[in-house]
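The structures come next, written out as structure tokens.
Look at the two complexes coming up: chain A is in both, with chain B in one and chain C in the other.
Now for the complex of A and B:
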């Protein structure tokens, strides 16, 4: 049963990537004024009067993996094959293979985002549980208000405020880059320190503006669970309070938060475009933004694909752990009655 | 509940009982009837048209408003939202549009009465800019929130209630959409399409934002459809659309409303973010455009002199989204049947909603 769930889930993840790639192809190729026609007109302009269409098309193919003169299905097949070979085209702005640029950027984005995610949910769940247990207390009321307020600040506004005040005005934090240039790359302490130092503000802007809503969600879930009959039964059975708190309340209250977490994964990775631009932090989002500004479609589309794949993988992993936590997840799906 | 009259068709018991019922206001009509004939007495009471309208108004307008007003969060939230709506409708008529050079450059806020929030580096009044950026923002928010909610409700309820093939198909499609990170997708579409109309921007921003909500609504429906009253309706042979509308939807309303407000907030976040990055074309004034200009102006980040220019639009956004969250937190209670019933029967703004008051739940549905 469980195995079937895993297989289905894996198939779904693969299918999602496939669908996204197909969609990207559609956007590159079919949209009026889209990348292919844009690059083509750019190249035609560059060459002036002696336009050699064959040469132009060949260049378009190098950049985008799409040969504009072939029949559509051939273009699609070629595009798919080159993607499977890890070829995302060539950046027009940097004149490097897109795969190379993004491969060096991706770990940094994953680094920032995964720490933010863990901190946001760790903080949110802990705080929410505490708030629920002392529901109605002064701490609960004031924390609720603060949570709501922090949640109403867009993360990029927080980012601007942080970089403006702590970065530019007080010089307490770096205003750009991944690590200090004086540090040797490698797994040494100085490198790690520098990496965390540079990632501190981006992480802070996501966590400060994000944990509040998770705390409120956790609080709501816990209060609801605390009112359930099975909690009363557990108490009557004389189970230890911390057993009830962890195994009954905690588990049942955390499970619904998985949906929130999956949305947060997409939200954070997607947000990297704005966030990394503000902090000049060369991750995937930063390059995507560079690609947009320079009308460098191969880079833009490549970054879009990589961000999407990162999110698909993140959600996939979250889903698998959900299956571990919730025994109902494996069996519940298929055998509901259809009306 | 008003007076209840017996109809001859549904009840053929002696008239003595009719007078009896009228005498005590008809409240025990159901109990009496069930004592005599256990079946077919559910609809023995009918109301005059006027009563029905009164009840409807009471149930859908007066009661929600009273509950809303009794909760301070909803009260503050709706006042904030109202202020922004007024700013976008009346404000743009009262405040003159900003003009280049109408004041000195970079006037500090709260110093000059004619420029309450100061001016930017071209002498434009910042307050006027903020006010005149409101209408397109509101259009964007409405477009995005309506699009999200409608899509999510349709897909979510259909998928959750129908189950089987429909569910599988819709959810596969839904999951793909949900997985694609919203902002990059919106950016890619925005770069290629370059939308100018605020309505279109609103829809593009929520192009896949509804998928998450659809899934959440679906799982709510999955819980609701196992409820005994839904099963009862199904056994009575009531059609699926009827069940969805009458039995499922009321249970979803709080969820939908709260999420309508939440998606309004995410439209603000995303659109301002995109304008800030300069990805959407600068056709109209926007708070994000203001942020972009103040942020990108050379050396602005190294001095405090431009701080007000950068902060004014940011604070504007934060207050609006604070209002929206407060409102959504407050409205959470409006559709909660237990709180609601208390207000429908007696206009008594009582606190607390977690006690079991079984008798009022029947009142609502009856």
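Now for the complex of A and C:
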């Protein structure tokens, strides 16, 4: 029953997020060297030994939304309530509300990720389809080799290589930041140019290491579909080659990749932590990394939460929409002979 | 239809021209297509593979030409050649001429790609075997029609109107079909939809390559009868390609028999069936199980069809031909005219009738002679397996609309309240359309399917109780499992591909008879292999499954089941996947082994001819199933020759006779498609399709026993009840009677398999 499926999926997604939130709460509360002791030690450093425990607790509550004196369940409820209200606490390092920091960072991460995703899949699918059509040609063989090779390089290695050579050695690309400080923020050409210019290397490192596997997947799927009877019938019916390529080969070859595509969204968000650090690109991942380095728990937790939610939502959307895109999904094959 | 006037006089033996013998002699008066010296070759590592060998044939305007051949005889290549659609890297040479009305002549092989594109589907169209795989699974049926119409620049509105008409001609609801995705249609509907799609541009020639092979016989016959209507209505010339000679015999005007990539005999259907002259045609007629040929006369053809790389010298049939002599081995026979329009490529066609006697037609109907009961064993009084009021219901996951969240899962009544006894040395054949529950019932018999209600007992011991309690059982479950074996339709799936035949066969012996000494074990396996005709057995024992042919795999599977010394073997469509000429052979073997091993068979088949052959030869029973119920059961010959239940009569009708006079009539049915097993019709489940249905049938359910003459032959139909039953007084159910059929809409014409 497909609707039962939807409900199950939704419940699953909500539960995953919920579990992650609970885990974050547990970590804040229980981790040795957690925020409470961290804040205390900060105060001790600042004010010498006469630290007022009440003051510590008040501070902790300001930053993390948790009052250490309350019973555990009250703490938990309060933490959840503030989360639901969009309050992720205050960053200790930046002294700004975490929500605000992440809200300003998120669009940039989304910007880089979505372009990378579009390019990775666009390039992969096009190449894969071309390779399948001229299967066995020199282009096919060499592209396959290159794809395998590039796919075997981790994106962060590629990132380091790119930033080192193109950034530091040749100075062709910026080595950090979102936009040049000289352009005015807004939807003007210079701003956009600068934004793309700064995003180019992170995008390149994701795309270069990511398109190969998609191209190979597309190639395999297309070759399989090209061998199907319905392609032969479609040709006999006199359909134009581009119709067959798009509606027959394309559609049936891309569909199985769709789920992978959605999961890639989540994966890329996860990868943004290292990637943005390498390029000093202030997105969500960058702040998460900063949070970890500075033991800035609220920031770290907030970023972690956002990334988790992105991953869960990506998979969730993939699950839900796949049924809409592929008419066969969820019908159980309808094999009547089985009775 | 008057035919040939310029037929060549019989060529003297030995006239050879160029690459082969002159076989251009098959001419007709008004050909719509002429094929001359068409060959298809593939370059293979082992040499050139010639899968169509210099064939020439005319297709008469408005005729139905049946092309018959076994798989691998080149018949599909011939089909592709008509549309110049031979798949790469095959190379087609020769001439294919298409003559639309008038004098126009189109050289099909000389067309530009664009001209060819237009010719296909607009003039010559094609229907393929696997309808499911002929549709793009991700777009709707409507999109298939629309894109075809668009690609050929036809007027969309008119063409779609035509499409709807075609769909209704094929007894489907156009709206419902058009809005469906391919997988939402049942196999029969897909195939009919594909036929409609192939006719949407109003072609003159329709080439059909095994269009019904994957379907139930009843559906096949129904489609055939619709085809005949279509052919008349739209003035089509149809080329119908099949391996099933009896199937096309009644439909086709002319028949052409293919063997080893060439036509060996061509002639009007009546002549060819009534007076076949080529030894291969004659053997083919004998090899195909049908309801008319006396059982004792059915004979498999010895030997194998030739390999396209290495076709025998001279007449390609000589290694298998009982008439072969020196001339045959040395020279390729030309066509000899049996009559002006009946040609046979055989030197000794005049002697073939004597050498290979046939008695087709109804003269020896039934054939209840001595030999028929040759295999009949002694059936015990006590049943080996006994089923009592068995139900098997499956919960089906439905994909309905939003509201279905709140619904209970649909229940499929795969088997409903069936009681059946299987005796020792018994043969029970279950027949019925796909989805009627015959496989489920078979599995319930051998304890492979737990019934949701009722009991299954093995020699008095409830099988499932034995399994659950383990201790208290009189007969241990292990023993029961071992005594009830199964062989599958696809023997490949039951053999481990990474194990040699020897190892596969040893496993059961090792498990069940661990004390047996390895030499004895080996001995036993080899002797059985030898027995089933796989010699040298030592060689076969060392092979892997992929090195065996389909028939050989089935034999290995059979041996494996028999090695357990079982009491009952469930043979689920065990011969359906085999070539027709092999079926009789394998069935014979199964029956011989039954004698040897004292087993019983539950044989499942959708084909009444096979059922009759198998059950009839062993003096067993045939049970007819419909929508989870047993509607008629009785001795094989009685079921075949004197069917009582209207549904059995339909099945009987669907089993094509070799009788050529009998044209394809409309089916004795009110609906082609089977109702949804999730929501079976009320009362008698057959009432939505039954031509005899009366109002009482929609309310009340007839039962098997308790009426009639108290013999073994039982029928669940009110027509078997005595005059006092209310059936006889109630109103007939008329199709247009909205009240009577309204709530059974889904069971009527055009039910979509949701």
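The criterion applied here is as follows: the second predicted complex is superposed on the first by the 269 of 339 C-alpha atoms of A that agree within 3 Å, B and C clash if a C-alpha of one lies under 4 Å from a C-alpha of the other, contacts with A are read in each partner's own complex, and residues count from 1 in each chain.
In the analysis below, a residue touches a chain if its C-beta (ideal position, glycine included) is under 8 Å from a C-beta of that chain, and two chains touch if they have at least 3 such contacts.
What you see is a predicted model; the values in this text were computed from it and never measured.
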Touching partner for A:255 - first (chain B), second (chain C), both, neither: second
In the superposition, chain B vs chain C on chain A residues touched: B
Doubly contacted residues of chain A, that is, touched by chain B and again by chain C: 336-339
Contact footprint of chain A on chain C as seen in their complex: 83, 85, 87, 117-118, 120-122, 126, 128, 130, 133-140, 143, 147-148, 151-152, 181, 183-184, 186, 197, 394, 396-400, 402, 404-405, 407, 409, 412, 414, 434-437, 439-440, 628, 677, 753
Residue numbers on chain A that touch chain C, as the complex places them: 1-4, 7, 228-230, 232-234, 236-240, 243, 247-248, 251-252, 255, 325-328, 330-334, 336-339
List of chain A residues in touch with chain B within their complex: 12, 15-16, 19-20, 23, 27, 31, 33-35, 148-149, 151-154, 156-157, 160-161, 163-164, 167-169, 175, 223, 227, 259, 262-263, 266-267, 269-271, 273-274, 277, 285, 288-289, 292-293, 300-301, 303-304, 307-308, 311-312, 315, 336-339
Residue ranges of chain B touching chain A (in the complex, touch as defined): 73, 161-167, 172, 175-176, 178-185, 187-189, 191-193, 212, 215-216, 219, 222, 225, 234, 240, 265, 268-269, 272-273, 276-279, 291, 295, 301-302, 304, 307, 310, 314, 317-319, 321-322, 324-326, 329, 354
